[in-house]
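Here the structure comes first, spelled out in structure tokens, and everything after it is commentary.
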Amino acid sequence: MESARMLVFNQLETYLYLALMLFAIGLYGVLARRNLIAVLISVELILNAASINFMAFNRFLAPTPAVGQVITLFIMAVAAAEAAIALSIIVAVYRKLRSVNIEQATELRG
Amino acid sequence: MNMMLFGPELYFLGMALVLFFLSLQRRVRVEQTYYVALWLSVGGVVLAGWCLFQEGELFFKAYKVDLFSQIFKAALAVGLFLVLMISRNLAHVEERCHPEFYLFLTTCTLGMMMLVSSVELLTIYVSLELSSYSLYILVPLRRGDDIDTEAGIKYLFIGAVSSGFMLFGLSYIFGATHTTYLAEIMPKMGQLIQNPIGVVGLLLALAGFFFKVSVFPFHFWAPDVYQGAANQVTTFIATASKAAAVAMLLRFAALGASFGYSFAEALVVLSIASMTLGNLVAIIQKDFKRMLAYSSIAHAGYILMGVLTMKEAGYISAIYYALAYLFMNFSVFLVIHEVASDGRDLKIPELAGLWYRSPLLTMTLILGIFALAGVPPSIGFTGKLLLFTSAMSSGYFWLVLIGAVNGTISLYFYLRVVYHAYFLEPGPRPKIHLSWPSRLLNYGVCGIIIGFGVFPDRIVELAKVAARLVL
Amino acid sequence: MTEHLASFPVLSCMLLAPPLGLFVLLFLKEEQQFLIRVVSLVAAGISFALSIYTFAAYDQKLGGLQFVEKYEWVKTFGITYFVGVEGMNAPLLLLTGIVIFTGVLTMWELQDRVKEYFIFQLALVTGVFGVFMSYDMFFFFLFYEIAVVPMYILILIWGSTRKIYAAMKLTLYLMAGSGLIIPGILLLYASSGIFTFDMVRLHAVQFAPWVQKLTFVMMYLGFGVLAGVWPFHTWSPVGHVAAPTAVSMLHAGVLMKLGSFAILRVAMYLCPQGFQYWAQLMGLLAATGIVYGVFVGLAQTDLKYVIGYSSVSHMGIVGLGLATGTVDGLNGAVFQMFAHGVMTALFFSAVGFIYDRTHTRDIHELGGFSKIMPVASAFFITAALCGAGVPGMASFWAELLVLVAAVKVFTVRGLFAIAALVIGALFALRVVQNTFFNEPNPKFIHYEDVSPFLGLPRMILIGFMIFFGIFPQVMVGLIKTSIIPFIQGL
Amino acid sequence: MGSVNPFFLGCTLSLVLSLSAFGLIMIFTWRRPKLSLAISLTVSTICLIIAWLTFIKLSALKEPLILSVDWMMSDQIRVPFGFLLDPTSLLMFVIVATISWLIQLYSIGYMAGDSGFGRYYAFLSLFALSMLGLVISSGLLQLYICWELVGLSSYLLIGFWYEKFSASEAGKKAFVVTRFGDIGFFMGLAFLVLNFGTLDIHSINSAAMSKAFPAWLLTPAALLIFCGIMGKSAQFPIHVWLPDAMEGPTPVSALLHSATMVAAGMYLLTRLFPFFSCSPTAMTVILTICTITLLLSSTIGMVATDIKQVWAYSTISQLGFMGMGLAAAGLTGGYLFAGFYHLTTHAGFKALLFLCAGVFIHHFHTNDFFVMSAKGGRRLLIPMVTVTIGALALAGIFPFSGFFSKEAILAELWNLPNKMWLGLGLLGAFLTAYYTFRVIFVLLFPRPQAVGGGHGVEEEHGHGHGQEEEHGVPWVMAVPLIILAGFTCVLGFLQAPIQKFLLGEVHHHAPNYVLLVSAVGCALGGIGMAWLDWGAKGAKWEGFIRKVPVVENFFIQKWYMDHFWRWFLNTVIYGLFSRTFTYNDRRVVDGGVDAVAFGTIGSGRLLSFIQTAFLQLNLLFMVLVLGGIGIYLLMGR
């Protein structure tokens, strides 16, 4: 039982499916949520899905140089920066529109 | 390590630092900041030119300095310089933000410079994000109506999603090839054809670059950002940023070469869709910058024609066209900047009577517009013809045919600009007086557009050497 | 084809004189109108003189390509700067020289935005010269587009009657044509296997039949738009009506020839099998155009529309001559290009003079102009007679050659084309009668006739028209030197 | 090139001089009447001298003299410039040179003071150039060129008074209608040159005589060329231009539209007589058409009131008569003499008649001979005498020239197996005599009271005559009349020499008394009828035809031929073709182009909806496209 469970966690596919699910959830969130913050979180989910991929591949396929782990670290940093920028812009949006609902920002079209 | 290899990047890093310190000052001295930025960028141009023929590898081969990258670095430096040339009058950016404006332009340039030299996935990703984030900030820096933040938020989210896709794709590539070095990925791509992960990975990874070049369907940000951002920022996005993105696309798309026909086919579809959509929608635009945004989408389609051939001729023409596009687009933005000197959005009818208000600007505008439309004798014509030539040489007859027909469609809205600028009466609008640097800039741009259009040989030869390095 | 290098770059000088003049104009002030005109005239005059020189100095015994200049331009893409003169383009260079020179003289009275006008006109002419002398497809196409696009601005600003619509329509239509030309040119380039734009070298390549057929039809349609091939002609009357005088002259006189010349020079020369395949269609369209043009022209009341449709008809004759693919037909076609060029230039020049004074071109409003302006009317009547195919004028010979050749190759179509001559006569004379005969309209009675100076350009045109009408061998002999080897190559 | 043949030089010189006269006057001296006149008359005189010299020098010529140089050499189409000097052309050469010289002389008086004096002489020079070139040209193509140029000068001269609508209209009509025939001519030439290879008149005739032509080529070519003849010589059904052409100045009518130009058609028939003779079918068609023309125009001539109209219709009828003679000769294997002889004599007396008419018109400023008569036309002695001489010749009364030539033609008709043609020919002669003497009797016996307002022929030209000659006729006008009258009297007796000159031998026939009597009887009958109707004391001044009003109306309406052509032009050409094509051009062809343009713009508008303002819709679109491509790539592997 234990070993079977370990087997599942020891498989690359598990992590790939996990990442894919995360990616899909993130994508859904990006497309479906109207709240800018929620959209931002969904984007972060996509990034994290990528991180999981990197880690998984690193762990199962290319272990020698720990590139995947390094990348994940970078992604975390970059994501943080992104969040900072995004939040600042969201704040600006909020100041102007008094809302963080994306449906309010519909000036530009055509 | 030879410092000269990393010279331009270091220089711009230093420049960014200088500007950063300037931005820390409590009281912003607008003029002074401007001149510091301008002269520093002049130095950058000189240095980038100086380093044009450097060759070498850095950072454990993650960073490759070759003629290909150096050409684009020089182009980027020139692009920054040109944008700064028209930034003297930053009417729509708050004064206290001026140093930051220059700072982010510089970091963006720096990011793109690194981008064109990167040959490793992580490096590519990080430098891409560096340049993108700078732009995310630059876009809403504009003061005034709400459209800047709206443009900013849309740009940010489309960009973030694209880079998310890209990263996800990169992870698959990494998984499939077990390496992050392009040079090592390239030979393994052949096997990836069997592997769906490889296909999906490459496709998703390209999304990030397509976003930068604004290829359909990643073009949605372009119209909004072009319209919403300050004129100078738009200029920068439309010229320098575009060139860098093309460079990276060239590097990256070469990965697909071994994928064979179906991959190229997909790119053909994107190319056709881009130019057709761009040109058709541009017809109905009233805002000049928005129209140019659609035109840039169309031009992305043209450039893709060169990219998707995966052959030397195609790469040469794509490089040539990217450089050409930088200049011809700049000439148009130069006019926009001079006409809308208060930084407002320029509607096309507001160009009325430009022939009377400033003949020189009219000349620049007409040359730039004609170059965009691919009318000789201009750099745009030659570039487009070279693109078509290379696509045809690779057997894409229909693509060339549709491209050529698109050229006709595009002429309609380009000519409408000429019509407004050259035919209509000025009405109460006063004459425009140009300062002498501005005049010089006009002459220079016109000279480049015609000169390199008629005598393309030097650039083509350079591009040839560069293209060989990438493929 | 034998090539004889030039000892002195005559052609380059001819080509560069207008842009040089243009460059000088850039630095003149709008107020220095006289100087502007003189500079343009000198630039045009140099080209004119050189075109006469090449026409006269071409060695008919030697044959082949003469005055050749060849420089490698972009090696990677096989682009060369390659210009030369042979029997079939020498007349057209001469035509361009004539028309631009007289065109500048015709526009001497222009007051509005003089500098810009001449700048664009010179730019346009550069393109025309370039097309006629280039033997490299890249430059051919480059000059082709240079010749087409300035037209937009020229019509837009100095034109009349629905000019906004006409300018846009004309430009877009012609550019749509080049949308077909580019793939055609490039297909040849790509499938040649030698990756060169050099037409003489490409000619030696045997292209696959499907390539030839496809390329030919694309180029035929693409260039055919400019050549006013029915049913792609509708831009031409509208455009001619809207354009200012000298631009109409250049456009109908020279630019439409670019199209037909390009069909000959590029399409037929490089795709002989394609030509054989499509010749029937070409003949059909051309003959339809001939008949159609005169019938539609019969119903027009605007002088320039009338001339525009006569151009459709006359360019149909060129097309018919090309379609025959015989020495006679091609001789006639090239001759007709020249003759129609001079004739139409004269037509528009004469109409322009009258329109400048009266501001109307409605043939019902005009009338009796022979009384008011005998000289100006004589110019128009001469052109009209030339258009009606009266012997003693250059176009008679051209039509003779073409029609006889057409009867040989496409009997029925040829006979229809001949039958259209009677309508052509009715067509020309109807206009002459309504405009120049009958009682003068009292409104216009006080207008002055053409001054000798303004008459000069018209006299030059008439002189050339009649000279080649009386001595056609000067022209036919020259054209023949290149047509005979051309036909052998088909 | 060696030594140049002096005849070649002479002929070329006459052409070049005429051309330069035209050019000089048109470019430089058209504002100066005297100078223009001097140039033109000098040139005309030189041409006259050259013509007569050539004629005299070559009169003993045995073989035709062919002189030619290359003019334009394309591949298959080669146009030589040259002269074929044989008796036919020499005789015609002289006739043309003489008459045009006389007319230039006459016009000094007639056109005096006209504002277009210089222009008039320029056109006359142009005419001289083209007509002389036509007559002596060696190849059909050169002939065709001159033929067209003759048409051009005719156009210019008919519309000389261009302010008058009717004149300009008539000029246009003349040009277009003759062009209608010329198309056939041109097609014929094209057939010949493509299938026979040369257009040299001499070689065509020799080939025809040696039966070298296949029948499928011969008849169509002959009929097509005859179309040109029909146009130029005003044969049914495209004769309608000639009566209208009388809008031109009268000397022009005399020169072009009676004596020389319209005769060019018949001249061409003569020129290619051996060729035409080879095709009996063609000759029969020609005979039929010429006969119809003869009767048609004679009957119309009976009811016309304009003196020039009468002469015009008589010209048409006499041309038909010539054609009948030639065709009959061709069918019976006879000689071209009769028709050509009539052409010669007709040139003389018809020019005379027109010039006389011109004097009357000039004097009385009207074209209506009833009005002339009322105003005392018979007091103008010289013209009255000469017009009577001309009329007698036209009617075919001994001893005037017309008698002999008509006799000759009727003799040819006699030879035809079907005597119907002879009967019709005699009927024509009767009618000719009748309408001719109708004019003469009206002029001679005026009845002022009979002239009502009914005859309202407009004055020919209301301006340009500053100096009115109250009495008498200026000598420049009288001299040509007298000379021509002299010709008319003399030419008849020169039948034998002319025949010898043309054919190289004289063919003596036993005089055919039946024919002689019937012909003279018809002529005298016609005159007698005219006397009864118009001359005699108790005459009612009504044509006998008035008894049948339907027929008279039919004649007055000119057999409705003008109506037919007018209808054809307005309804078929303008109404049907022109309008349909124009509509098609505007709506279908051009409309299609515009539709494409608007469609493009519309599709742009449609596509712009993709760019919604909602961020997430855009993102969704992006994801969907990307997914689509991904699926395509995965499937496509």
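A, B, C and D are the chain letters, set down in written order, and residue numbers restart from 1 in every chain.
Basically, a residue touches a chain if its C-beta (ideal position, glycine included) is under 8 Å from a C-beta of that chain, and two chains touch if they have at least 3 such contacts.
From a predicted model like this one, the values you see are computed outputs, not experimental measurements.
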One chain's C-alpha mean falls closest to the whole-protein C-alpha mean, and that chain is C
More contacting C-beta pairs: B-C or B-D? The answer is B-C
The distance between the C-alpha centres of chain B and chain C, rounded to whole Å, is 41
In whole angstrom, the CA-centroid distance of chain B from chain D equals 77
In whole angstrom, the CA-centroid distance of chain A from chain D equals 97
Separation of the C-alpha centres, chain C versus chain D, in whole Å, is 36
Chain B touches at least 2 other chains through residues 153-154, 157, 161, 165, 223, 281, 284, 412
By the touch definition above, chain A meets two or more other chains at residues 30, 102, 105-108, 110
Residue ranges of chain C touching at least 2 other chains are 172
Pairs of chains in contact here are A-B, A-D, B-C, B-D, C-D
Note: in the complex, chain B contacts chain A through residues 121-122, 125-126, 129, 133, 136-137, 140, 145-147, 149-154, 156-157, 160-161, 164-165, 167-168, 170-172, 174-175, 178-180, 223-224, 227-228, 281, 284-285, 290
Residue set of chain D touching chain C in the complex reads 26, 70-77, 79, 141, 144-146, 148-149, 152, 155, 159, 162-165, 167-169, 171-172, 175-176, 179-180, 182-183, 186-187, 189-191, 193-194, 573-574, 577-579, 581-582, 585, 589-590, 593-594, 597
Residue positions on chain A within touch of chain D in the complex are 27, 30-32, 34, 102-103, 105-110
So, in the complex, the side of chain D touching chain B is made of residues 600-601, 603-605, 607-608, 610-611, 615, 618-619, 621-622, 625-626, 629-630, 632-634, 636-637
The chain C residues in contact with chain D across the complex are 169, 172-173, 231, 233-235, 238, 292, 295-296, 298-300, 326-328, 331-332, 368, 370-371, 378, 385, 388-392, 396-397, 400-401, 403-405, 407-408, 414-415, 418-419, 421-423, 425-426, 429-430, 432-433, 436-440, 472-473, 476-477, 480, 484
